[in-house]
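Shared between the two complexes below is chain A, which pairs with chain B and chain C, respectively.
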Partner chain A sequence: MTTDVLPEVGRPARARAKRFARPALLAAGLIVAVWLPNGIYTGLAVDLLCWALFAVSVDLLLGYAGLLSFGHAAYWGSSAYATGLLAVHLGLPFPLAVLGGALTAALIAIPVGFLAVKRVGIYFAMVTLAFAQMIYFIANEWRSVTGGENGMQSVPRTLGSADLSDNYYFYYAALPIVLGGLWLAWRIVHSPFGRVLVAIRDNPARARALGYPVHRYKLAAFVLSAFVAGLGGGLFALAHQFVSLDTLHWTTSGKAVIMVVLGGIGTLWGALFGSSFVVVLEDSLSQADFASPGLLTGGIFVLAVLLFRRGLWGSVAAFFRRR
Partner chain B sequence: MKRFATALGAVALLVTACGGGPQSGGDSKLTGGKIVLGVLNDQSAGYSALSGKNSVEAVKMAIEDFKAKYGDKAVTSDIEVVDADHQNKPDVANTKAAEFYDRDGVDAILDVPTSSAALKVADVAKAKKKLYFNITAATTDLTGKSCNKYTFHYAYDTYMLANGTGKNATENGAKNWYIVYPNYAFGQDMERSFKAAVEKAGGHVVGEDAAPFPSDNFSTYLLKAPTLNPKPDVIGTMQAGSDLVNLVKQYNEFKLRDKGVGLSVGLMFLTDIHSLTPAALAGTTYTDAWYWNFDAKNREWADKFKARTGSRPTFAHAANYSAATQYLEAVQAAGTDDADKVVAQLEGKKVDDFFLRNGEIRKADHRVLHDAYLAQVKQPDEVKEDWDYVKILKTIPAAEAFRAPSPDCQL
Partner chain C sequence: MTNFLEQTFNGLVSGSFLALLALGLAVIFGLLRVVNFAHGAIYMLGAFGAYVLADELGLSFWAALIAVPLGLAVVGVVLERAFIHRLTRLDPLYNFLLTFGLTLILQDLVKARYGVQSSPYAVPSALSGSVDLGLFEFPAYRVFVLAMSVAICVGVWALLTRTRIGMVVRAATERPELTRAFGIDVGRWITPVFGFGVALAGLAGVLAAPMRAVHPLMGADLIIVVFAVVVIGGLGSIFGSVAVGFVIGVLQVWAEAYAPESWRALIAQTLPFLLMAVVLLWRPAGLFGREETA
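Right after this comes the complex of A and B.
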């Protein structure tokens, strides 16, 4: 799960090291995930989970299909709203509400993706951005349903008779969904389907020549990615028991892209690191005596792009690989 | 360079791992043996000047004055302030508010601009059963369908602004109105209240337009204004922040005042006038919740504020001071920071401090009532002193300034 994007020549020693490294990393990750709410503020821990899913969903598309979506907030946000509506009006238990939200996001992604994947590069980014902006304004105007600018308040989170009002317990209740989403992403990447995506990313003409329906593959990746983003967005709505218009704003899409680039494109792990880094940084900056947090996050981003093109995780992985 | 990257990764991990603080505890009459006030507001973006860090200063002043007043008799001498920047984002406000209450042992949160963020913080206050004094968010929902036992709404709201300006300006002779408002919750609220107030006072709204939000070009509306029939006496703009700045600049470029079309603003802070300069706004009327140079009492506090911060206070700064003071007084009277007992002290209380003139903390919906003011920006040659940009045309009595308790509010 670490570095398989970069073309590698298999060497026995490295293969052996890799065999050990992967379970060790996975175990360490799981331990951190289980321990997390005991170490940091629980509300922040839940945020980390949600953003991790979002960043991974963007990485899925950007890193493995080579599609830079600049409108992924549309799926994160529409799932947040759908989850909120399901929880408020139907009182669904929270995992079902999240699932409903994620399916809604995937459903919205079908027509958008259908049109967007016909374009590549900057045009793809612009098409996704345009649709995201449309959804943003629909949510803004549709006040009777979404609450417009004021957002949707008091979203309940229920699961049978369990009391989830404390974020500490909600974290553990949400963790399986997040791990499920991450597993899904991992599974996609390591499936034959994922291999074809990488092939399409690297050489679409050749993939087409080999008989792969390129657009259909891209569309499938887009919808799956929206589904994963939707899982995160739905959980985010429940974590805050509130849905705001911000979840659909283009800056939210940008934030997810920044997370992936900071962490390392096409590594999945990098998305986890990048999202944790950005969320924790923003949190600590809000209480630091620093007048312009945007300047610092922006500065770090510029530095990362200039100095570590592979991102945090990508650079670390490359460092170890080189030794 | 690669090593540096590794180090950066390690730092990221470390930052992630740190940050757990001690939970507050203790069994004295004060939780944690102290009082903690939390100021949560915008300290980096559009609303940082009108409130921001200087509101934290104002709260510190309130604490110092409280200590000086009670000396040894004070319920505690251990009173702290924590503050955070919520960047006007409701999700950040949510996390920070919960963190304030849970981790920092905050007894009362103050300020919180941006309605969506304020509504969220009110929700958190309700869930955690801790106090929240809203100051810079304008939505009447806080004392309407989203009201709760632990939330108090200080200073101003959309009804008070629209009613104050709409009613009084109409009575002062502006009969025909053209209303321009930003097309989002705040703007729509303002437009509704404003129109109702104007029509109730015998005025007439000849036209109204929703402008996209945010926007930097209002020429369509401004050029249209003098051509309307009947010609409006005044443009009522509900724009705020940078939208307001752009609109006023264009209003001056088109020389609408010379064409007999006045300007009336829904929401304006002293800092807005300061950055736009009084010349750009001369003659504009608006409703102010408080003005620093209104009388000697206000001025005295404004002088202290200026000595600390270098600028004159907006009404938000004064309201933060007042809310902190009233909270501390209530704790002093109750002898505990138990939220329910403090709320009982505050409810229905009649107050008269330099901010709350003829003040009352209304029991029915926790709206804090006080006198408001119809203000007019001075002509540049009338400005004799820095920051003294406004003359008060009229005091709007507390009973008239705010709406009646809403039936939607069930505390």
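Right after this comes the complex of A and C.
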């Protein structure tokens, strides 16, 4: 069989360029993040935040551990439900509700990840997809808790006496959580743990020979990734004040994968770009009453897989590396 | 007892669809190492093909049973040549992603044309009655579906084990490089085998049209159950995929019939995935699969 051809990551660019490029990028990203709800309508801005976390969580696995999870909606959605339940029944302030949701997602990821990491490659994708479908069915049948097909309505978002009913203020209230999640992802990737993941991705046999417990590393990455996805899913539930069964559906998992591939596998910036691209695209399609968004996103995705496998950010990064 | 046998028969019929889809998936995977996500969408196209032929051209079920799989085989050949072929040298995940994208496109195309409500398709008149199976009466059409799928599975098995073509395909599946070294042109079999696997999915779709709701998303959730089936059976094993397909069908119908009332739907729906979990714990390579490298 041909060997792994997923794009390389972590290749040290020239040191001097890197020293200036990184902080400049970071500053630009922060400025955009702070300005965003003043430039586009606020609901869209909040959606961009949530999906950014989701895409980053998928890329954490695909780009750095070489594991394609095709069932990440399970964590995004289960956190959305858990966050909703915590907010509705316990009236928790929203950051705690989101934290509880993300922890629930991580908890669910432990048994699923334990089973899934026993397989690699395409099997891993199928196994994660299958378990996510199981969770979807459970949520669908467990109507007394989840509301079944009707979803969970009027999820409150509270923080002390602050009025967060306006999405403009909710955006700024949610931003620290999102930045925290992104920082966590960045920290994971650039830690010794992250380097071992990359080593396992590139040569599992050698990593095992060096004494690394490969399965345990993958499981840890899976659970951490589910936690990050859960942060996004919990915020998504609060942003819409509604949790639908769609948050658990495999098309939602697929959407996150599309974002990562379009943005560029193995680059956290790519996941941000890819998610923004897809969210804005789908938003403008629905504004224009375009009835078949899958046609366009599916088409762009097919073209990207065929012709443009480095993705948006990957191509830009490769261009600058070549100079 | 009679009721139990009847339910088991129902399960075998429902397993027929899983087995046919798993068979196509396994045949394609064997030679191409491609997991065809679009397999469920092709199944849906098969059902819609039968519906469209009847609705617009007035063609009978029997004509559709031949024409639709042939037509979809051509579609499969075109897809393989135009898209899948370009990615076979890369990580197999890329073709998984590609066929996922194709699934979204196919589903939305059908949705845009025929809407999301189910389109009606009548059972062919020759099979509208029921058959006396000794202990119980059973709808003739269901007997036909079961007989067809068993015949096809046995036929494919005979093709693979008793013919020269089958020998080449099996050799190329197990040791592609070695087979090439013997001077056998493995590449020329790839496109026909893909077309064949796609035709099997299309055939399953035609068979499903009179029995199940013809709907743009009818294959979407089914394909994930089929994924669980092939993980349980071992994707490399054609026998395993087919056998597990039938077994899961039977178990699901049993659960629907005999599980406690309020748990029925949940148990029937989650059962394939729970079984998959058990198999992953016990035999990660699948019941009939071999351990993959790495």
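Keep this in mind: the second predicted complex is superposed on the first by the 307 of 323 C-alpha atoms of A that agree within 3 Å, B and C clash if a C-alpha of one lies under 4 Å from a C-alpha of the other, contacts with A are read in each partner's own complex, and residues count from 1 in each chain.
Everything below uses one rule, namely that contacts are C-beta pairs under 8 Å (C-beta built on N, C-alpha and C of every residue); 3 or more make two chains touch, one makes a residue touch a chain.
Small disclaimer: the values here were computed from a predicted structure and weren't measured.
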| item | value |
| --- | --- |
| Chain C versus chain B on the shared chain A, clash or fit after superposition | clash |
| Partner chain(s) touched by A:His240 [first = chain B, second = chain C, both, neither] | first |
| Contacts of A:Asp283 with chain B and chain C, given as first, second, both or neither | first |
| First (chain B), second (chain C), both or neither touched by A:Gly151 | first |
| Contacts of A:Gly294 with chain B and chain C, given as first, second, both or neither | both |
| Which of chain B and chain C A:Ser191 touches, first, second, both or neither | neither |
| Which superposed partner A:Val302 touches (first chain B, second chain C, both, neither) | second |
| Which superposed partner A:Ile40 touches (first chain B, second chain C, both, neither) | first |
| Single chain C stretch clashing with chain B - from 19-27, 37-45 or 109-117 | 109-117 |
| Those residues of chain A which chain B touches in one complex and chain C touches in the other | 291-294 |
| List of chain C residues in touch with chain A within their complex | 33, 35, 83, 86-87, 89-94, 96-98, 100-105, 107-109, 111-112, 220-221, 224-225, 227-228, 230-231, 235, 265-266, 269-270, 272-274, 276-277, 280-281, 284, 292, 294 |
| Partner chain A, residues of chain B touching it in the complex | 1-6, 8-9, 12, 15-21, 43-44, 82-87, 89-92, 94-96, 98-99, 102-103, 115-116, 119-120, 123, 127, 139, 141, 146, 184-186 |
| Chain B partner contacts - residues on chain A that touch it in the complex | 38-44, 47-48, 140, 143, 148-151, 153-154, 165, 167, 236, 240-242, 244-247, 273, 276-277, 280-287, 291-294, 307-308, 312-313, 315-316, 318-319, 322 |
| In the complex with chain C, residue positions of chain A that touch it | 1-2, 4-6, 68, 70, 115-116, 118-123, 125-127, 129-131, 133-134, 137-138, 141-142, 204-205, 250-251, 254, 257-258, 261, 291-295, 297-299, 301-302, 305-306, 309 |
